[in-house]
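Labels run A, B, C, D and E following the written order; every chain starts at residue 1.
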Amino acid sequence: QGVIKLAVMEPLSGTFKDIGDRYLEGVQYAAEVLNAKGGINGKKVEVIPVDTEVKPDVATRKATKLLLQDEVRHFCGGTGSSVGGAMSQLVEQHNALFFSYGMDAASLTGDKCSRNFFRPSCNTDTHSYALAQWVADKGMQKVICIAQDYSFGKEATAAFVKKLKQLNPKAEILGEIYHPLGNKDFAPYVSQIISSGAEIVFTPNWGNDLTLLLKQAKPMGLKAKFACYYLNDENCITAVANDEAVIGSIASETYMLSIPLEANKEFIEGFKKAKGYYPAWLRGKAYIAVMFWAEALKKAGNDKVDDVIKAWEGLTYDGPAGKWVMRACDHQAQVPIWMAEMVAQNPYFKHAFVGPATAIPADKIGVPCEETGCKMKK
Amino acid sequence: MQEVAVYFLHGLAYAGLLFLVSSGLTLVFGMMNVLNFAHASFYMLGAYFAYSLLVYTGNFWLALVVSPMALFVLGALVERFLLRKVHELGHLHELLLTFGLAYIIQEGVKWLWGTNPQAMAIPSFLAEGVNIFGVTYPVYRLFVFGLAVALGLLMALALYTTRVGIIVRAAVDDHDMVSALGIRVPLVFMGVFAFGAALSGFAGVIAGPLLTVFPGMAHTILVDAFVVIVVGGMGSLGGAVLASFIIGELQSFGVILFPKFSLALIYMLMALVLVVRPEGLFGERQ
Amino acid sequence: MAILEIRDIFKDFDGLRVLTGISLSVEERERFAVIGPNGAGKTTLFNIVSGKFRPSSGTVMYDGDEITRAPMHQRNRRGLSRSFQITNVFQNLSVFDNVLAGVCSHAGLRYNLLRRPHRNQSLCRRTEEILEEVGLWEFRQTLARELAYGQQRALELAITLSTEPRLVLLDEPTAGMSRQETEEAIRMVRRVTERMACMIIEHDMNVVFSLAERIAVLHYGMILACGRPEDIRQDQRVKDAYLGEQGS
Amino acid sequence: MILEVKDLHSYYGKSHVLQGVEFSMKAGQVVCLLGRNGVGKSTTLKSIMGLVQPRRGKVLFQGRELSGKAPFEIARLGVGYVPEERRIFKSLTVMENLLIGVKAPRQTKGIGAWTVEQVFDSFPILAERRHHKGGRLSGGEQQMLTIARTLMGNPDLLLVDEPTEGLAPMVAAGVLRMLATIKAAGVTTLMVEQNYRAAFELGNSFHIMSKGRIVFRGNAEELLAAEDVRMKYLEV
Amino acid sequence: MKGKGSLLRWFWPLVAVAVLVALPAILPRYQLRLVNEALIFSLFAVSYNLLLGYAGLLSFGHAMFFGVGAYTTGLLAGKGAAMPFFGALALATLVTTLVGFAVGVLLLRVRGTPFALLTLAFNALFYAIAIKWSDLTGGDDGLKLFRPAIDVGITQLNTNAHSVFYYITLLVVGVTLLYCWYFTRTSMGRTVLLMRENEERLRFVGYNTSVSRLILFTFTGSLAGMAGSFYALFFSFVSLEAISIDMTTRVLLMTFIGGTGHFLGPVLGAGVYIYLQDFLSDLTDRWPLIMGVLFILIVLFAPGGLSGIIRSATGFFVRQDNAKG
């Protein structure tokens, strides 16, 4: 009897439409899977897509409408830390629940943490730590960082540098380059990287800033490989349109197609059958997060917000991307990060894509509760 | 020394692109006194048309020719059926019209082509790097700069040696008088507007392979082009050349010289010029 | 004492020399005319006196103080007011509002954020007085651009007078008026400028000779002659350069 | 009749500037429009040229109706216009100013068939200045250039507005001599001139305007004889 | 006669006020929220129209004031700093006033197209600052804030209650708008009109148009700042959106769609925009395209905007001012 309404707050128009669409596909598939098994606690899941335009005011206005008129209590979303911040504020006021599978800003489970906000995904700290761990494990000495000049780029770089220094004090950071968000011409930056003589380039760039960086680096003869946040993106690879420019570089994510787990194989098969394409990157991330949320609802036995919060805290979910644990102190899931080198031959696409993935376990890259700055009101 | 030369080259390529966009903008402004907000949207459309042509035909050179032609037609239509309609309401309305147009094109592009950045394939010899100054340098960037110079020269030649050019420059001075000399000024306006659009579209085509084709590309270059025409002097072609060059180089060398201010660098330049010479480097004092 | 004294004014426009060493003075309550062929630099001279342009060199003294570099609004507040050769009024406002602008300015009500000029009895009364004086009272609610040309010229004059100046500069106040209108305009100018000094540019010799107490003839940026009307009429150089045979 | 103007009424906004101008011209004639400032002389020329659209009345040029046509169409029919404010193109060189006057080929071949060389013959000073920017010329040179530019279009009818305005007497005389040359070449000229005495030799006919109407028509002798008319409408 | 006239004159305004006061009792909470948002944007749009419609200055940088107001409020009412409600509002308005003044001084010399361009550049600069100075602004993550409760002697007003916040907005925005209307009649307001008509002539009747431009710019800036401050309090969140060119575009669309020729045009525009956005975005993702087309149609066929259309159709928006000839 009844349904559980889950509002998906994503940009479904505008510049980030493509990101929002892919997240939404993941959520929708998760709902299909759940509903096919009879729903959660006997209730079907109803997905309500909401276009946020990545504008916090638009997002909160629409969410308020759902809260007040349609009695929606569960929200999720993955795009735009500012939308995340505004949403977590809003759900706290109305005692609803918001979880994010994509918003990376550490502060959302740090000093801005909220009882009503969960992040079944990684954050900038863990993501950067994982890359630092990988660089350290490979024994690389000469590292340069290039990032977008705004809070995310800076946080990601700072976390990377901090962890790398810890793991390998001998590693040399040859530079931290910051370029404007939405930069046009990367040639001068590439020259700078080349002349630094780095072995590896760390970059948390996303979107066109990543595409252009890779694209313009190749014909200038940059030999060093990139260690990237978001290379695990088929659209980015097609836009670079030059496999040579990406092969050998490193992708890192909480989910990628090449995770060698049985659950993942099952998930990919099911998804491919249902939709006709692969659940690469964002789709997978959203799927796993929603399944995790569903576990919490199942454990709570109902979908009342207070019960779900209680149930989700400390819950473990063993899914396509390994074992995820929702930490009670800051509602940040403790997850492994998967690393993969880009290879030409892959079972998924004609173009280059991620090779076999290996995990950096959650306990190596987690941030202790005391260090997050989260003081959660219970 | 070799480094300096490389950065200089980087600056040139972007300057070339910028010049192709801003020259049309400044020409239209000089003649019709209209700041065309949709100018960069034509640039974006040029890139998208070329992208689609490439998808269907696979021929880059074809796209390079056909896409600007399409924009020429589009520009002519916009001038004839939109801009001319609001002309008598004054510049404010013309400006607002182009602003609205830019907005619509922006949304339309997202609708038709989606929001993903798209890649444009180029002939393989252009995709390589060559060895100059002992470093590998992308051929395509040289190609872009070469084209910009060639087009700039052609334009200067057209403007300063042909009758059409004389008419265009005369119409910048006093278009009623040109009309009284038996020249169909509305047609000239339409031609110049369309030409500006085509030029911008051409720039879009060659920018595509370098910067990818995406819905934000209009906005990113628009601000730079505005700065170019303010710095160079509104309506001055020579000013556009110089200002494009300065801004191209500034963005290139700025990366090493003032890494902290890379965002605000061109605004600071603009502010400086406005304080020292409000009418721009080549502009005429009113 | 001279209310206006200009000394050795030069003015260049991008290399084009328009004024070459103009010196003259206007006495308190004097009506002084400047004549000369088109392009002689008359309007330019007015622009320098009123502060629209800065001279390339030379000084402008007003009421004993140097005002060469003072901005226009300051000159106006000290009692120097001008009209324009090309009608220059607030086209889309009513005649009343046009004149009220000057009246408010004179009363120091320029940027007041609380007081409403339209509700101020004395300002409105003063505005109506001026409108009556120039014969525009019936048209006070008409938009300026809807006035006939002659009336616009009258409005131009009204605005000029609205700040109660001590020296007015009138640039061709009767240009474009019919003979009859011109006669009226002459009477009006004579009447309203009784209390003040007045400098006039005119091409219409009728106007010049019936109004001016002193005349300066400008030619190619220089003062060809300056003196009383009778003398000017007889001056051979002036005849050659400007009046032609007309004068005789 | 090469030009017939019938009951022409023009307005600037609400002010009724031309109030029924009527006259006609024979080919090869020079007609002078006289009158005080602001009576509508320039407006008459502009109304013929299409720069001001008359609200009522007709202009027939070589039998063709001009009203309603755009200036460029009128120019292409063979009417040349020399404005009173000179309006040369300041950023163009003298040569370019002349070239722009060369119209698209038209059906009726103009009379003089002026070429750049011919123009330079008539105005040697312009030949000297051919590479100078128009804006740098002196007032007199600019005036000559304006006339020359219009001649390049080989007009059958020349409308000239105050060609000697603001020119030093010597320069003015030069311009008038040149207009005489043009007349000799067979070009019909409608000229506005304040200084009618200077134009006595040139003009075949003199029309005096007042308040938007033509109030007197006559040749030089008649004008000289009509003392009262001159006193009323022209003199001080 | 006179009594009757003035009674009639007050009839519609009184009805409007009565309706606005009664709204919380009538409307569902979400609808009330929309009205509240429309009220805030009305203030923003009216301030924009004082520049565009009254002074004839096309600015592409109005969002910088809105943003500064919003961010200042975000800081004052955010974590740590616990300013009282009206304190935060007033201080934010004051800060924007200063910013408006400073920018105004720099823009004194330019007008027309260069003015439009420079305001655009300034907006971009402020946006860049907001991104870069993330310690203060939270950068891309934005700022969380809490609506401070209001002390009223014995008890505290809970500003989080929809109707309470609505009444506060109604009161403050209403009074401010009333003053704006009054402003257009003051000598300064008249000066603005005169300045648009003929700045040169105005100087020759003794006005220092630099001063009047500066006052106007500062004034409209502070109004926009106040609107921004309310916006921040309303959403309890400030993001880069508030200071982006997008926000300028929003207010430009609102103002122009509503009509620049009438004082209430922008108010109408803000309401229509908010409702259309709410309504259309539920129907289609392409709603910005529809807005753009609407905008172009208005530029082409109804330069007076919606209020112009209504005016000519019904005579309702009787011309109360001669802002547009």
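Criterion: a residue touches a chain if its C-beta (ideal position, glycine included) is under 8 Å from a C-beta of that chain, and two chains touch if they have at least 3 such contacts.
Computed from a predicted structure; not experimentally measured.
The minimum number of touch steps separating chain A from chain D is 2. Of all the chains, the one whose CA centre sits at the greatest distance from that of chain D is A. Of all chains, C has its CA centroid at the greatest distance from the CA centroid of chain B.
Across B-D and A-E, the chain pair carrying more C-beta contacts is A-E.
Chain centres here are Cα means. That of chain B falls 34 Å from that of chain E.
Here the spacing of chain A and chain C, counted between their Cα centres, is 74 Å. Work out the mean CA point of chain C and of chain E, and you get 43 Å between them.
Shared interface positions of chain B, defined as residues touching 2 or more other chains, are 263. Counting partners per residue, chain E has 131-132, 286, 288 as the residues that reach two or more other chains.
In chain C, the residues touching two or more other chains are 145. Chain pairs that touch one another are A-B, A-E, B-D, B-E, C-D, C-E. By the touch rule above, chain A contacts chain E in their complex via residues 12-14, 17, 51, 55-58, 60-62, 64-65, 68-69, 80-82, 84-86, 89-90, 93, 105, 107-108, 111-112, 149-152, 154, 181. Those residues of chain D whose C-beta lies close enough to touch chain B in the complex are 49, 51, 70-72, 75-76, 81, 83, 87, 89-92, 96-97, 99-104, 149-150, 153. Residues 28-30, 33-34, 37, 79, 131-132, 134, 138-144, 160, 231, 235-237, 239-242, 246, 277-278, 281, 285-288 of chain E are the ones that touch chain A when the two sit in their complex. Put simply, chain C touches chain E in their complex at residues 50, 52, 71-74, 76-77, 81-82, 84, 88-94, 97, 100-102, 104-106, 109-118, 143, 145, 159, 162-163.
Partner chain C is touched in their complex by these residues of chain E: 182-183, 185-188, 190-191, 193-194, 197-198, 200-209, 211-212, 215, 219, 322, 324-325.
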